[in-house]
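Below: the structure, in structure tokens.
Chain IDs A, B, C and D follow the sequence of writing; residue 1 opens each chain.
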Amino acid sequence: MSKVVSLEEAIRAIKDGDIILTGGIVEDRRPVAAAMEIVRQQKRNLVLIGTCSLCDDIMVGGGCVEAYRGTYTSNGAFGISPNFKRRAEEGTIIFDDIGHIDYSLGVMAGQAGIPFIASKTCIGTDVLNPAYDNLAQVREVARNKDVLPNKKYVLMEDPFFGMGTVQLIPAIKLDVCICHVQMVGEEGTVRIDGSLTFDHMAALSARTVIITAERVVPESYLRQDPNRNCIPCTSVDMVVEVPWGAHPGQVYNCYDMDIPFLQEYSLSCTTQEGFDQWAAAWIFLENGHDGYLDKLGASRLEKLRAVPPYGYVPRNKGGLK
Amino acid sequence: MTREIAKIGEYTPIEAMVVYSARFLANFDGKKGLIGTGLPLVASQLAKMMYSPNMIIFLETGQADANPQELPISIMDSRLTYGSSWQMGDPEGLFPLSRNEIDFGFIGGAQIDKYGNVNSTFIGGDYNKPVKRLAGTAGAVDIGVFAKTTIILMAHQKRRICEFVDYLTTPGWMVKKWPEGTLVRREELGLQGGPSCFISSMGIHKFNDDDKIMYLDKYFPGVTPEEIKANTGFDLDVSRAAEADPIYTEEIRLLREEIDPMNIYKMR
Amino acid sequence: MSKVVSLEEAIRAIKDGDIILTGGIVEDRRPVAAAMEIVRQQKRNLVLIGTCSLCDDIMVGGGCVEAYRGTYTSNGAFGISPNFKRRAEEGTIIFDDIGHIDYSLGVMAGQAGIPFIASKTCIGTDVLNPAYDNLAQVREVARNKDVLPNKKYVLMEDPFFGMGTVQLIPAIKLDVCICHVQMVGEEGTVRIDGSLTFDHMAALSARTVIITAERVVPESYLRQDPNRNCIPCTSVDMVVEVPWGAHPGQVYNCYDMDIPFLQEYSLSCTTQEGFDQWAAAWIFLENGHDGYLDKLGASRLEKLRAVPPYGYVPRNKGGLK
Amino acid sequence: MTREIAKIGEYTPIEAMVVYSARFLANFDGKKGLIGTGLPLVASQLAKMMYSPNMIIFLETGQADANPQELPISIMDSRLTYGSSWQMGDPEGLFPLSRNEIDFGFIGGAQIDKYGNVNSTFIGGDYNKPVKRLAGTAGAVDIGVFAKTTIILMAHQKRRICEFVDYLTTPGWMVKKWPEGTLVRREELGLQGGPSCFISSMGIHKFNDDDKIMYLDKYFPGVTPEEIKANTGFDLDVSRAAEADPIYTEEIRLLREEIDPMNIYKMR
């Protein structure tokens, strides 16, 4: 059964107040085209889980996000995520920092269908500071409150190995998971190259899973080597072909990052007006993503295309100068 | 082999910081390190070329024994995948830490205190309305909790090297015991490891064996202990400090010509 | 750095009383040649973790195993593991049954470096029967007791999602993990085809990891697609090339199962004398594994060789008649 | 389409058990099932051909949407990998259960009691010195705990269908609350699901809505309710039983010619 739909139709499945995780990390393999469609459809009150970088920050700028729970709020080499930074410093967005292993274990627990897990991962740090625990405020924003745990953590003594005080970490569950990948079959089988980040786990614990991909390929092709696939079709609800759907970030084996575009984003979005102008120029275009690609221009994109066998554009070949 | 010594002024303080960091990594040849994004990755590249060719690099986005052929920009850079032994995701990339396999963690940060605690979450104001919001925890918590030792690198500025961090992201030697938040020695919470050194753009700092307070161990050529003390936000003990060995032109050449010819990391 | 050693040298690293897990499951992709070498080297007091099938049962027959903690004690279609069955019914082997998700979560916790995890997985069943809890007896056999938990499980109320009473499950850790795989690089990078069973997790939480493989291939070949690899070289201690090292079981993409051999094993091993005769015929041969292969004969083995693209011998091609 | 009816004697009781199981799976077309090794796998193959072409099969060794082109022998048979959507290991294969994704679980066993509890661990004597040691838990615990419903298949023998199982491997309707081991309704422990039917080589059994005790729902053609009662180890209610619809020659032909021509599963 084919799950292929248009980007517009896929994003229509997201409801205001949904708890959402986007695939990839920092600026790479992010569902940027999907995030731009979310901005176009003016979703509201989304709760972001995991990280708030590039595509997430675009949604923050677009007024779609009111709460964030995660481990990272930066665009890496391109600076702290500008829209999130501004709203955090204004005090107009709810956030609840957790650790990176914290997040990993939460997502791992989610895919294993278990309620919680124990670790020493944030012991000793301000992640466990009760004064900074904003989970209750995050829950207020969420539409489906039962997707979030009652408590941020519980401390207890390890009864098995004498590891002392450990932190019980609740599972991370999701309403929506959107991943951008290299290849997907029409039934939803996903193949990812490069870091899987959290996608292979998060997609298993979300109620609705949307896959945007550089290419939709025959399902039968991917099923010749099931060991190489990263998300089973049984966990995927909708499939959308979106070439260059993670631009300006990297997609391993497909394209390298568009550094000037990323720099321009950071500089433009220090104010809301700046973001709005940037959005007018890049998001609110006729023909949506096709318009975006045409505006970028084929020759600019071609310079980013990955070189085999590396999967990126080696600098000594001059691609990214 | 005699090496040509670089003159003061022939390199920047940030380049010096990276070079001394790379030299420190000589202690970890054949060992396993989890390397944070940014300048730690640059220093690791230099270390692999000159001081620690058999260092085994893990990254938090799931590469084991990464061997990048050119300098990565991103923590999940495609350059990290090609040539690595195994490419999974972030959980698998971080679990070598919690399995106690990682001999050293190597991170940057925005603020460090006299106990070696590092802050990469916010500076100034309140958590909920910070003066300056930063990147958050990403890897920094976990490296500080689980690595057998931690190396920290940060440009030397008075406001960044302080009495106590505004937010404790990476646990140093004196950490917070919850639910009260009492300051305790990290061992008291069953945490192994702890920071072994803080390399700034002015000098190399270590920690007293007894009270675990930071002191100046080495000052870079051309910098005085007094300058360092004046640029530090707490009363830094500089009494035991000696001048660091000079920097070699070869180190600077590798940084500029081989590792970061495009000056992506703005070291110069 | 090459980690290639001989089978004899690899197995010498195993100490009496070690806690050991073997890769694959039931009769397939099991390190049979390695188990036979363990019998030849007369290891004693091993504690088996996970399952007790084919290669494990050979070790039981060989007198190497005194305790077992796991989820499965059968050779599937070929009947209950005959040596284990006999010793269980005699009351001369210690065993402690756990569930399959129980085991999965334990190994997952082990690879995540965390002490325990919560699940409802065995709630309501005799797996939690305190009268059947033999963990303390298993610990007595083990050389490194700290590798095993203090308790089999703890019951507690879920504080996060209102799931009621859940079972806290301790991590499974190991002294030794031996896996037989299709391909390994000389530095230890492992590529598996077909079910990974528990290998991809168990190998990460063992102190000593031995990989036997159909082929040792250049490490650089496997590193062209790190996404396809299943165990990182950083977790592997020793690498041994052992063609047909899982015979009489299947190895996906390499060979199919040798049904008559498996049937003969089951029939032979109902008594200790029967096993001893079988072992004399197949284990205690001159030239060890090479002797075993020569005795089987090349023509018999060739009939088992997998047909692409299936990875097995399709019956309608007559391979297995 | 009119189908030719098979005469009694033209098929074995085990074949009948497999055929009625396959028909029951018609309830799960388009649904997700976790299928145990052995005869459940055979019945699933027949169901996919005749009654439930869109059934989605998961296996405990980590195949999602498996589409074997010929009958597997082993639970990790190579035949299960080729053509599946995703091939991981046992944890990933079992977690769809704990994520509550699995609409039905389908297992065999060695002993079943009047509450639908199944034993696949040991029979007779003591746990530590059993008269007959069996395969253990493998999947059977988890399917019974987590699947939205369970289907059980087992040859009908008096000693195998009993008042209460010697070891409770797969939870049915009345299960053990620990640490005391008190018998309670499964819902009381927060367990969803429960067995919906037990298909033996003589008939189809269901469970009362109120007390959750097994009763005979259908007896196979050529078998009487009295025979079934006499071959059952507890006082089975046969008062509501009707004869099952006859078996088709096509079902037996598929089993013998297409699915298991080599009689690997010894059904005949």
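To be clear about the criterion, a contact is a pair of C-beta atoms (placed from the backbone, for glycine too) under 8 Å apart; a residue touches a chain by one contact, two chains touch by 3 or more.
On a predicted model such as this, the values are computed, not experimentally measured, just so you know.
Visitor: Taking each chain's centre as the mean of its Cα atoms, which chain lies farthest from subunit D?
Guide: So the farthest one, by centre of C-alpha atoms, is B.
Visitor: Between A-D and A-B, which chain pair is linked by more C-beta pairs in contact?
Guide: When A-B is set beside A-D, the one with more contacts is A-B.
Visitor: With chain centres taken as the means of their Cα atoms, state the distance from subunit B to subunit C in Å.
Guide: Computed from C-alpha means, the inter-chain centre distance equals 41 Å.
Visitor: What whole-number Å value describes the gap between the mean CA coordinates of subunit A and subunit C?
Guide: 38
Visitor: How many angstrom lie between the centres of subunit A and subunit B, each centre taken as the mean Cα position?
Guide: Distance between chain centres, rounded to whole Å: 27 Å.
Visitor: Can you list the subunit A residues in contact with two or more other chains?
Guide: Within subunit A, the residues that touch at least two other chains are 104-105, 108, 112-114, 119, 163, 193-194, 196, 224, 227, 230, 309.
Visitor: Mind pulling the subunit D residues that touch 2 or more other chains?
Guide: In subunit D, residues 63, 81-82, 87, 91, 95, 97-98, 146 touch at least two other chains, as defined above.
Visitor: Taking touching chains as linked, do they make an open path (line), a single closed cycle (ring), a hub with spokes (star), an all-linked set (complete), or other?
Guide: Looks like something else, not a line, ring, star or complete graph.
Visitor: Which chains touch which?
Guide: A-B, A-C, A-D, B-C, C-D
Visitor: With touch defined as at the start, can you tell me which subunit C residues reach subunit D in the complex?
Guide: 24-29, 51, 70-74, 76-77, 80, 84-85, 88-91, 97-105, 107-108, 119-132, 134, 155, 163-165, 193-201, 249-250, 252-253, 256-257, 259, 306, 309-312, 314-316, 320-321
Visitor: Of all residues in subunit D, which touch subunit C in the complex?
Guide: Checking each residue of subunit D against subunit C gives 37-38, 60-63, 69-70, 73-82, 87-91, 93-95, 97-98, 121-122, 125, 127-142, 144-146, 167-171, 175-179, 181, 186, 189-191, 261-262, 264-265.
Visitor: Per the contact definition, I'd like the list of subunit B residues that touch subunit C in the complex.
Guide: Touching subunit C: residues 32, 54, 56, 58, 63-65, 67, 81-87, 91, 95-101, 146 of subunit B.
Visitor: Per the contact definition, I'd like the list of subunit A residues that touch subunit D in the complex.
Guide: Touching subunit D: residues 1, 111-114, 185, 187-189, 204-205, 219, 222-224, 226-227, 229-235 of subunit A.
Visitor: Where on subunit A is subunit C touching in the complex?
Guide: Going through subunit A, the ones touching subunit C are 104-105, 108-109, 112-119, 146, 149-151, 154, 158-163, 166, 168, 170-171, 192-194, 196, 224, 227-228, 230, 309.
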